[in-house]
Each structure stands twice: as structure tokens, then as C-alpha cells.
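After this come two complexes, each holding chain A, first together with chain B and then together with chain C.
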Partner chain A sequence: MQKATLKAFAFAAALAVATPFAGLPAPAAAQTLTVGVGGNITSMDPHFHNLGPNNNIAQYFFDRLVHFDAQQKPIPGLAESWRSIDDNTWEFKLRRGVKFHDGSDFDAEDVVASFKRVPWVPNSPSSFVAFVLGLETTVVDSHTLRFRTPAPRPLMPIDFAVVNIVNRKNAESPTSDFNSGAAMNGTGPFRFGQFAPGDRVSMTRNDAYWGEKSHWASVTTRIITNASARTAALLAGDVQIIDQVQTADLPRLKQNTNLRLERVIGNRLIYLHLDHNRDETPFLFDKATGQPLKANPLKDLRVRQALSKAINRQALAERIFDGEAIPAGGLLPDGFYGASPKLKPEAQDLAGAQRLLREAGFPNGLKMTLHGPNDRYPEDDKVLQALGPMFTRAGIETSVVPMPWATYASQSSAPTFAFSVMLVGWGSDTGETSSPLRALLATRSPGFGASNRGRYSNPTMDALLNRALQTVDPAAREKLLFEASELAVGDVGIIPLYYQVNLWGLRANLTYQARTDEYTLAHLVKPR
Partner chain B sequence: MADLDTPFRRFVADFREDKVAVGAAVLFVAIFAAAMACAYISPQNPYDLRQLDIMDGKMPPGKASMDGLVFWLGSDGQGRDMVSAILYGLRTSFLVAVTSGFIAAAVGTAVGLAAAYYGGWVDTLLMRTVDIKLSFPAILIALVLLAVFGQGTGKIVVALVVIQWAYYARTVRASALVERRKEYVEAAQCLALPQRRILFRHILPNCLPPLIVVGTIQIANSIALEATLSFLGVGLPITEPSLGLLIANGFEYILSGVYWISFFPGVALLVTIVSINLVGDRLRDVLNPRLQK
Partner chain C sequence: MSVFIIRRLSQSALVLLIMSLLVFFGVFAIGDPIEIFIAADADQAERERAIAALGLDKPIWLQYFYFLANALGGDLGRSFVFNIPAIDLILLRLPATLELAFCAVFLSVAFGIPLGMYAGYRPDSRAAKTIMATSIAGFSLPTFWVGLMMILVFAVELGWLPASGRGELGTFLGIQSSLFTLNGLAHLALPALNLALFNISLVIRLTRAGMRENMPMDYVKFARAKGLTQRRVVFVHVMKNIMIPVVTVIGLEIGQVIAFAVVTETIFAWPGMGKLIIDSINNLDRPVIVAYLLIIVLMFIVINLVVDVLYSVLDPRVRLSDTGK
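On to the complex of A and B.
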């Protein structure tokens, strides 16, 4: 009933919006693109809030020293090239001839000013400061910069791919000046038009852009958070491209010849975290009495392996996601930096799971409660419900408790750690394997294990990861990341389930290079 | 034919004059019996996770599962047989509706009788409370209560009692006010019978006919309300779907052609509520002296 009402509203709103544009001459309409995005944009200030939708929209107006290609591989942005001079020093050569939207020239001073502004921004809910922390900056000439760090920092180019460069004149502009447009003076492919919070962002093409210019003279990004309303807007022709297509709409979009889908395996892993830490874990019970067990069975590798063997990952991908998810065996899909080719998704093996449980001293099986969110990841509540029968068939009688993310997120993490087995997801913003290793599997300590809800701790793995984080040579580093992830996954530190597939729905006469970082970028939408 | 004059016989004879109502009553009894016997007659226990397999999900009506079980009305996204899920869902709906109906009727009757018999400030206080309660939409009260208490069968029953008691209180007060002025009550008062006896043995039985009518209609209403709440996601837990939750689960697939997850529970809900309402309408006609020939 609720969804139907929203849909009706979306149609009404779409009609109201479409009418004024109906009178425009055809050529202008051909160069106009309307994008429907699901994530709500909280600010135009590129340094205010490290949030997917904000970082996405900032890419329209600003550039970074380093850009990501569609596979999150670093490519030159405002920096033409970069190299490590020694283990602790990186040198960046800046692009010449780049102009800001107001016509002023871009040089090293703008970079310095931007990096200074990042820690200065007041009231930031999630700061970018970690990306520019501890840098000793030297301006060699107007287009050369050197950055020294106390410890080797091989990921510096990737860190710089997240920080947007603003004009030096705006080094002390408050966030409100960006939201109003007064400080929206970047080097990016579009000039800022207007920001209506919760509704839309409008812009026009930057004809002086240094890179490939957009096909679209004017672009409007509409914020449509309700997935059904987004699909309805695409079907009605009010928007030409939408992101985050919901699974239930896939058959409908696939049947419609006026529309097509673009897809790419994303960087988000959905997995189960297990309580490795407590001696008595709250949600694993004796099967006969229903009482909590005296010893935490999840500390036994065989029990963890049994849980993993109970899962039919192929069925999850096919039946719940209409095939638009990839069964996971490691931390990132094949092709990502550091994703070990040896880690393959485990096949369902109920007999093997039961045998392992017997060997672990639970011939009658176990009882367990599985927790997870019901509004965070696509189809998360359905996945939870499907896992229940799989575990139950393997001998672990499972009840499932889906709950809203707001409640679940706070209870499942520090300091409560309320659950024993829980469903979570992790998107690697750096696009390589040190991100999940560091956040999910490293022993909890400052800067490490921030999202390690299971409190897995393996000193050998920690040592491998630390060495990788300080190794500048890419091949040697990747080998260390392989070893670390093989060790952690082999030890069933977490149970990988599947990788999400990022889906865009668009008109059949358009193309879009689907991106692993989930961003929707209008200048990369092209006519066929 | 002297025995035709017992009130019950007369009632049955009156009721049987309307063939539609008789049909509805038979249908209702059949649905009710099937729902109560679901554990014995349904092909699958949809709440037993061991019997579910995601590979059997979204099967169209008439197809068989991997274990050979035929899904006559299809299966839902998690591989639940729709026939079984509907029967179990109906049982939950009936249990919730009947339990909450009885408690609400008891509370409402007590309030209504007290208001009518004592009058004065007691009446004013109780009836203004009822007015305030009735000024809020039922669904709003239920949403607030469930948001505070959380999900679960017991909590839904509490919410439905809070919503319904006022209707019973109103009805009982109205008919008790009429009865109170009658001679037999005055006679009982002259005999100095205890108040409790006058209220429950003399006045209450004469207020029963309208109470029965309201009760029947309210049971249909609370089945619909429970379905609505479950549809909105605040009712029963997701792993033990009632009719409303089944409809909600199937709702997102409807436009993709998987109609049966929403459609059949919707039909079951419709048929149940219509049959109860038809029976209730007939009861009102039969029990209302003004409509009698």
C-alpha cells in the first residue's frame, strides 16, 4: 500500500516536471540528460561528508589528482604522472593548461590549499582527513609537488583519488557557500547550476574541460530514493538513466525493448561475521536444552567450516538476485588488485557440514540465531530468510532475526557486539584487498579492524597485512595480499556469500560504462 | 409445532431464510475448520525451515518442487507452498482476531455496563474516554503501539484490543441504557438484589444480540487490520508470514508476472472477510426486533 502510494506520487511528480520541458526545441532536448539516482546527496561541499552520493556528484564539478577508471584502477587526473622517489616520498607532476570554471589557471597552490581545507571543514560528519594526514608537502615548481610521509605509503595515489581539488580562493569558504553555488568553482566537466536538497542538482557542460567533453549540454540529477519510483520514472521516460535497479524490477526492464541494463560486478562483498572472541557467545545454543553453550563453538574451525559448507551460494545468486549477483569465495571479485585467484566460492556440501559438526563434538547439531539488516543491502532480508533453511538442513537449527539497519548497526558493533552470527556487507572504496583485510579481519587496534564485528584476530595475518601496507612495489605487495586473504578466508575469519552486481537501467539508445565504484557519471553516458 | 417457539429455533429458522447468508456461514465454517486443522491437512509446514528450499522459490501454480510436492497455488520467494502458507496464515489471523475480539468485548462490555448503570460522572468520564479513543484512526493507534512494543503475535493482540474495546463499550452502553429503565430492572432493584447480579444476570443477557452483531463485524475488521499491519511490516515476524505479510512479500513481484504470491492470499482474505460480513449482516437483521416481521 505504501509503495503503491509512493509510486503514484512519483508519477504525479514526474508529470508535473515533464510538462515545462515539453515546449523545448528538439536539438536542445537531444543534448539534455536527466539522471535518476537512489542515494541522497547531503551537500555540494566536496570535503564535507565522505559519502558515496556526495563523492559521486562532486565528480561532476571537481577533479582529483588521480582519477579511477571504471574498474577503480588509478589513471591520471589533475596529475599527469606520479612516481615514488624513495620509500617515503612521492612526486606528482600536475597537468598544464587546466582552467577553473571562472577562467583562472590551476597549479600546485590549489592542491596545497585544498589539502589544507580538508581538515579545516567544520562539523564534518565523516571527514576526508585520513587521506591527507601526515603529509610533508614541498612545492617543487608551479606544476610539481612532493609528499613525504613518516612511514612508506604505497596507497597514496589511491588516497588522492578520493580528495577533490577546489580553487585556492575557496580554501576558507564555508560549506554553505558550496551549497549555494558561490564557491562551486572547480575544474570538472560540468559547471554548477543549482542544488535543491533532497530533489535535484542541475548543471551545464564545461566547454573548456581538459579531458573528454560531455555529450550533454545540460544535465539534471534527480534524487529518487524509492527504488520503485526510480524504475517508474525510467519507464515513463522522465529520466534516461537510473542507478541501483531493484531486483524485483529486473524481469520487467529486461522485457522492455526501449530499455537496456548495464552491469558490472561491484566491489561490495556480502558476508557473515562470526563471533571469534567470547568464550560464551549469546546466540549459539545446545540443541536439546536450548540453553547457551558453555564454550563458544565458533572458536572451532570445523564449526566455522560447517557453516560455510551449508550455504548454497549459487541458489542465492540465481533465485534471489535473478542471476545478478556473483557467488563469492574471497574478499573481492576476480580482477581486483590483491584478489587471490585461489579463493573460489565453496559449493554446498550438507553431508560434509554434518560430518564436520560431528567431529567438532556436536553429533546432534546446534541451535543458532542469525541476525542481519532488512533495509541496508539489496534483498538482505530475503537472503537471511534463505540462509535459515540452509543451516537448518545442515544440522544447525537457525532462527532468523532481520532488523532495521539503524538498530542493527549500533548493536552489532563496538562496544555491544550483541550478536554471534551476522550478515554484513563491505564495499572496498580503495578498490583493492587491503581495504577489507584491514577493516574486517585485522586485529582491532587504532586504524585496524574498525569494522571487525567478529573480533577475528590472527597475528600471522596481521603481520602479512602490515608488510603489504608498507611495500611500495606493486607485485610484491599483491603477493602479500594474496597470502593474507588466503590465510584469513581459509581460517573462516568471515564467510563470504556473494558480490553485488551494480546495475543501471537506461534508454536503449544510450550506453554507459558500468562502474565498480557505483558512481553514475553523466559525462560517461553516451548516445549509441 | 410448539417447539418452534424456543428462541434458538426461531433464530435458526429466521437465519435460514436468506440463502446467501447460509452459504456464507457454511463457507466461513469450512475456512475456519481448514485453518484450525492446518497442521494436519496442509501439504507442508511453512514455518519449519527444514522443509523450505530457496530453489523451490517463485514456482508457478501447478508445478512440483524438487521433492515432488506439487504447488497447487505456486510457491513464494522462499519456496513456501502457497496452499500451506495461506492455511497457516489464516490460522494466525483467526487466532489474533478471535482472542483480541473476546478480550475487547469483555473490556468494552464492562465499561459500557458501568457507564449505563451508574450514569452521572462515571458515564461522562467513560464515554468521553471512548470519544477520544474513537477520534484517532485505528491504523494510527496500531502503528504507534507496535512501533513502541515491537513485533509479535501477543503485541498485535494488545493493539487490536486497544483499538476495539470502544466499539463494544458504545454498543453495550446504548442497549443497557434502554434496558435499565425497564420494569424488570426496577423490580430487581426493589428486591434489593446485589448490583452485580442485576448487571450481569438481568441487564447483560438482554444486551447480547447487538453485542454478537458487533463482535462478528469486528472479527472481520481485525482480520483486515492485522493483514494491513503485517503488510506494512509492523505486524508478525517475517519468518512466520500471515496473510498480510504474504501479500506484502508478493507485492513487489506482481509487475514482473509472479502474481500468485499476492493474489491467492488476497483472495483468501477477501472470501473470509466477505463471508463473515454476510453472516454478520444477517445476524443483525435476525436479531433486530424492529426489522422482524
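On to the complex of A and C.
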């Protein structure tokens, strides 16, 4: 009897907790969309922090002169058209009839004010200054602007695709005014509702938007940083679309007929940096004695080639990512501007790797430590664990040290450069290959090699890249970028591993225009 | 007693100072926050600008000195990533956490005491054994796993409750809380239960032990001999006696639940302080980490002080001596 009583009690308790809410429907209104995003949005101020999640959310409320399509090709935004007048001057014609959310008209003064605000924003941990630096601006008329630069700047339209345009009245509004909503007066497809840090951003459709209007009258973006929680929220119907689907959840989502996936090969390359700089590198050792080597073997092209040949990229993509990653041979996937079609992923060739090591004077192989993050890129720790045995089989006995990004980021870069061979990722925000060439492979100097953790330096490549960055003609520039990429990758400046596939999980009755830049934008979510 | 309190408070100031020193230099040792914040393609000039903007260009001891000087004026610095004063940021998240903690403690009392009393009253019954066995599970199963299972069962499979997040806010007596809306309570149910599970088990075991200890005592026999009903003996006389340790533990658990709901908040995407501290540690957002830990230390100091003072008020046998307790 007691048992029965207890059972009844437990059941009653469970019911008492659950029933009042059992009938609660998910918000059923057809024009409401809830999005679950993995990135932590830290501010509404579009000029405060150059950070993926912040740049993403800003696109709901603000426009840029130039927009990116889903493949990161520049398309007209607030600027209707643009052309280079001469090598050093660009002219932008602004769209007419565009209104801010408060009803005021958009014109050239707003652009000028926004570009002035960018370097002004106080306490910015990473600003947009570089995109608007060194411009000599002329307002030709209310809807025409000219920008002169000391040197040719073919990438100016792409730079302008990153800088959001705020209202001239907000040129000196502090970040807190944006967070509160007081200064959230953009021209974008949504009007700002509310920002609850760490929780959500809510918004309503801008019915006066100049471009294609959103299907959704009201949208809430929920910040769900934990990947399992994000998937659970989608499965439970709390949200209708999530980004950054984790690999472990893929089979479950693929089986579920109520859900579907949208995917696109992203702009992020995962690769290995190699220490090209030091004469004695800290983490490559003599195999017999375990002592650091007197000469840095990574300076020998054959050793670098052997490392690349040791890797089975196909296996990484298939086993670790369930096929949702693409083996990489270059800096950006095919189809991106400047991505050389000649650069194909290298197949695993253990015999070849061993032969190269022998020729380089290491018949017994080498010993090394591979470093990388364990919380930065999808499955990064598993990739590291898989690379270790691949290198070991090729004769380079490898131990793996994964660490949190917070520690790894500073140790792997200036001024310590603590590691010899390290795993890193690079997302090309510009959508073309000058971005990785400039940041990862150009010799470190002002404006170049900012993330060149291996300190690769190749004067011929630098010269090609420089010429490309000064060449306004698109076809000629692309040819130079091809050459520079082929040179740097052929010289194994870095070892490309794979390109990430950007994945969205969504209800089966929706579609999403999957984007290479990883952004999740509600106005691109449409009913099927 | 006033001497005791003054001594306690001065000790607390020292604890806070040491704590701030450890955290400040500890975070400095983990890594350079600039590497985390800065756009990867930022050049040297932009890096230097950001370092100066965040005040990281000064030597670390000088940064600490500035921090101390400002802290005395109540300013614990500005979050690097949010550009909001650290204290404001924490206070913004505090209501969500308090809500969760309040519900978790409520659940642990509402379930723990009756179940524990029953288990202690009839220790040999099957039901009591089941309760005790289940409480072991509540103790030992990891919170994150139970949380995920609860989401899977109640949100994904049954669809009764939302999987994560905080619900709508309602206003009652000028207080904004998700406790006052049905939607809010639905969102609260799973995380609160998840957070309470450990405490429910703890309270069950404490209450049971108290029952077992008190039932054979002389005062119980005397009360029965006096002809009191069993109900009155158990629910008035015994219950009063077993409540003392239970109340102490619950008091301390409130502190624990507020400060370290990290796992539950992460799994249920609950916008509370626990999630804030984890994000801040990953971002090396030093002002927030330091401010958070200082506030938590302060909270524990106050709770302990209050408990000590209450003891002496409740139980005349306890004296607060000025030589330190």
C-alpha cells in the first residue's frame, strides 16, 4: 500500500508540475520566427566590436554601402553603384528614397557621419578603423560620394561591406545608447525591439524597407551558446532555425522528418601553421634522443611536404565531420574570388612522406608536439587527436597538446610564438584570397602578416600580393592572386586541411539561403 | 558581540583583498585578452589602439593599483566585451539567477522534508528504501547529464515544457520576474528541478537522519505517554528539533545555488550570472571575472556572518566570543 501511495504521489507531483503548461502551444502566429544562434552577441553598437555575432545581428537593423550575397559576392546595398574613376579614386552613387526607422531620409551625410564615428567609439576591443582609414572623402552631391586614397585600393567596396551606416544624429551616441535602443535608428530590414545580453534580441519587421521585405513580422534571436541545448531547442520547437549544428547531432537531425538541414561550404579554412622562422624550433625533436634539434627541420621544404603528405584529409572530413567538411588544397574553396583551381587537396602518401624525410636527412624520422585549441572550431580536439597518429605513421612521432583558446590564442602568437606546428582556422571575411594571403602568409610588417603565426616569409609572394592589392582591374588582380596562392601553398607556407561546411538546422517547412559567411539572417528564412 | 562582528568584517576585507589579487593576476597569467577580442586580421596599429583603449598597456601592478583605487569608490571596472560596468552587468543577470535559486531551494524543501520525514519515520518500508535509493541517484548523477535527459524527455519527446531559455516576464508588486507568468514558470520548471535535484537528495538524507535520531529519544516517549497524538508528536515536537541542521544546510545551499548554477544555466541557456562568468572566463573578460568573484565572496561572508549571529540568537547556549570562533 505504501508503495502504491508513493507511486501515486510521485505521479501526481510530476503531473502537478507539468500539466498547467502541457497545453501551452508554441507561439503559433505564422509570422513569428525564433532563431537560435550559437554566437554570443555582446553589443548592439555596430561599430563597437568587430566580432562575428555582433556583425551578424547588426545586419538586421543597419545597412552597409555594399552588401554581400550568400556567396560573399559584393552586391549593391545603400550604394546603388560604384566605379573607380582612376586608380586612386572610387565613386559611390547612393540609393535614393531610403528612410531610417524614424522616417528621416538617408543621404551622403549619414555615410560621412558613420565613417567618422568608427574611430571615435570609446573602449572598442577591436574596431573597424582599418576599413575607413586614409580616405579623403568628397561629397559630390547628396547622393554621390568620392573617396580618394594615397595608394590604389581595389578592395574598397569590400571594406565598405563591413561598415554599418548609422544615422547622422547618432554620430556621437555612446555604445550604451545602442544597447538601450535609443540610437538604434538604422535603415535595415528590422526595427529594434529589445536587447537582453546573454539572452535574446527581439525585433519587428521594417515595412518601409527599401529591399526585399522579410516574411516575418516579428523575430526573436535567442543566444544559445551550448550546441546540445541549441539542438534540443530546435527539436522541442522552441526555435525554428539554429546555426552551427554540431556534428554529433547530424544523424538525429537527418533522420527527423520534421526537420531539415541547409548547408554551404564556408569561407573558413582549417590549416596548420609551421614555424618557418626560428633556427631552433621548440617542439621538434631528434627521434632517438628526444633532444631539440640544432637546425629547424621545418625550414626544409621536403619536411613540410612530408607533413602534408602524411595527412588523410578525406578521412578527417568523413570520419570526424560525418562528411560535412571538404578536404582543402588551397586557401578558399572553389568558386571564391582568387581561389586557384589548380590547388587540389593532397592525397595521403605515407611512402612518399617517408621518402621525403629520408632525403631531408631524417631516415629515422622525427619527433614533434602538435598544438591546437579544443574549444574554438567544431571538433578541433578530435582533429588534433586524428592528426597525431597520421604523422606518427609517416615517421614523425607526434604527441598532441590541445588547450583552451583563451590560453592558446596568446601563446601561439606574438610575441611568444610558443609552438612549432599548430592548428588554426581562418575565415575570409572579404570572401576572396587576398585576406588569407595577407594575414597568414605575407611577411610580418605593418598591415601584413597579422596572424602569420608561422612567420612564413617569401619575398616573391609578397611582391605578387602587393601588386594584386594595387591592381584595380578584377581579372588582372585575380590572376595575381592565383599566382600568389599557388606559390605560397606550393612552398607549404601553411598546410591546408579542410574547409568547414556551415550548417543550419530548421523546421521542414522552411528554407534558408545558407551563407558562406556563417551569418544567420531571419529575412533569408522563408516558408516552403 | 559587536567586537565579534567588527573583527569578522575586518577579516572579510582582507579576504576580499587577497581574492582580488589572486584573480587579477591569475587571469593575467592565463592569457592575453587582446588576442581573444581583436579581429584576426587587425594590424599592429589597431592592436596597440585596442590595448590602450582597454588600459592593458600599463604594467600589471599599475593596472591592479588603478583597479583598487576605483574599487574603493565602488567602481569595479568596465567589461571589455560588453562595454558595460561590470557591476551593472552582474546586477542585470542577478534576477534570473535569484529566481532559479529561489525555486530550486523551494523545491528542495517542498520535496526533501516530507520525503525525508517519511523515510525516517518508516525506515524499513519499501517506499523509504526507494526514496533513499533514488536520493543516491540524485546525489551522484552529474547535473549536466540529468539536465540533458530532462530536456530530451520533457521537451523533445513529450513536448510538455520548453527546452531552454527564460520565459516572459511579469510584474507583481513592482518586481519583474518570470515567476509571475505561466510561460515564465514553464521555462523555469526544468532548470529549477535540475538545480534542485542535488539539494532535494541532501535534505532527504538530513531529515531522515534527524528523524531516526529523534524518534527513540526520551522526549518523544514522554510526549506519547502524555497522550499526544502521533501526528502532533511528529509534526510539532520532532520536526522542530530536526529543523536546526536542515535550516543551516539550506542557508548555505542558497549561496551555492546562486554562485554556482553554472552548469544548469549553460545547458538551459538561462541568462543568469553563472552563464555570464563562464563566458567571461572564456573571453578573459577580467573586470567581470574579478567583480563576480568579489561579489560572491562578499555574499558568502555575509551569509556566514548572518548564520553565526542567528545561532546565538536562536540557541542561547551558543556564545559569540571576541577571540574568534
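As a convention for this text, the second predicted complex is superposed on the first by the 500 of 528 C-alpha atoms of A that agree within 3 Å, B and C clash if a C-alpha of one lies under 4 Å from a C-alpha of the other, contacts with A are read in each partner's own complex, and residues count from 1 in each chain.
As a convention for this text, contacts are C-beta pairs under 8 Å (C-beta built on N, C-alpha and C of every residue); 3 or more make two chains touch, one makes a residue touch a chain.
Because the structure is predicted, anything quoted here is derived from the model rather than measured.
Touch criterion not met for A:L350: it reaches neither chain B nor chain C.
Contacts of A:T225 after superposition on the shared chain: chain C is touched, whereas chain B is not. Look at A:S124: by the touch rule set out above, it reaches chain C but stays clear of chain B.
When both complexes are overlaid on chain A, the residue A:S410 reaches chain C alone and has no touch with chain B. Touched residues of chain A, counted separately for chain B and chain C, are more numerous for C. When both complexes are overlaid on chain A, the residue A:P251 reaches chain B alone and has no touch with chain C.
Once chain A of one complex is fitted onto chain A of the other, the partner contacts of A:V472 are absent, as it touches neither chain B nor chain C.
Legend: residue contacts after superposition of the two complexes on their common chain; A:A208 is shown touching neither chain B nor chain C. Look at A:R393: by the touch rule set out above, it reaches chain B but stays clear of chain C.
With the contact threshold set out at the top, residues 2-3, 228 of chain A are in contact with chain B in one structure and with chain C in the other. For chain B in complex with chain A, the touching residues are 49-55, 57-58, 77-79, 228, 231-232, 238-239, 251-253, 255-257.
By the touch criterion given at the top, residues 30-47, 49-50, 53-54, 78, 80-84, 89, 92-93, 96, 111, 122, 125-127, 130-131, 148, 151-152, 154-156, 159-166, 182-183, 185-186, 189, 193, 266-269, 271, 275-276, 279, 281-284 of chain C touch chain A in their complex. Taken together, the chain A residues at the contact with chain C in this complex read 2-3, 5-6, 13, 17-18, 20-22, 24, 40, 42-43, 45, 48-51, 122-127, 129-130, 175-176, 179, 196-200, 222-226, 228-230, 232-233, 235-238, 375, 404-411, 413, 426, 429, 435, 438-439, 446-448, 450-451.
Of all residues in chain A, only 1-3, 228, 246, 248-252, 312, 315-316, 319-320, 374, 381-382, 385-386, 388-390, 392-393, 397-400, 402 touch chain B in the complex they form.
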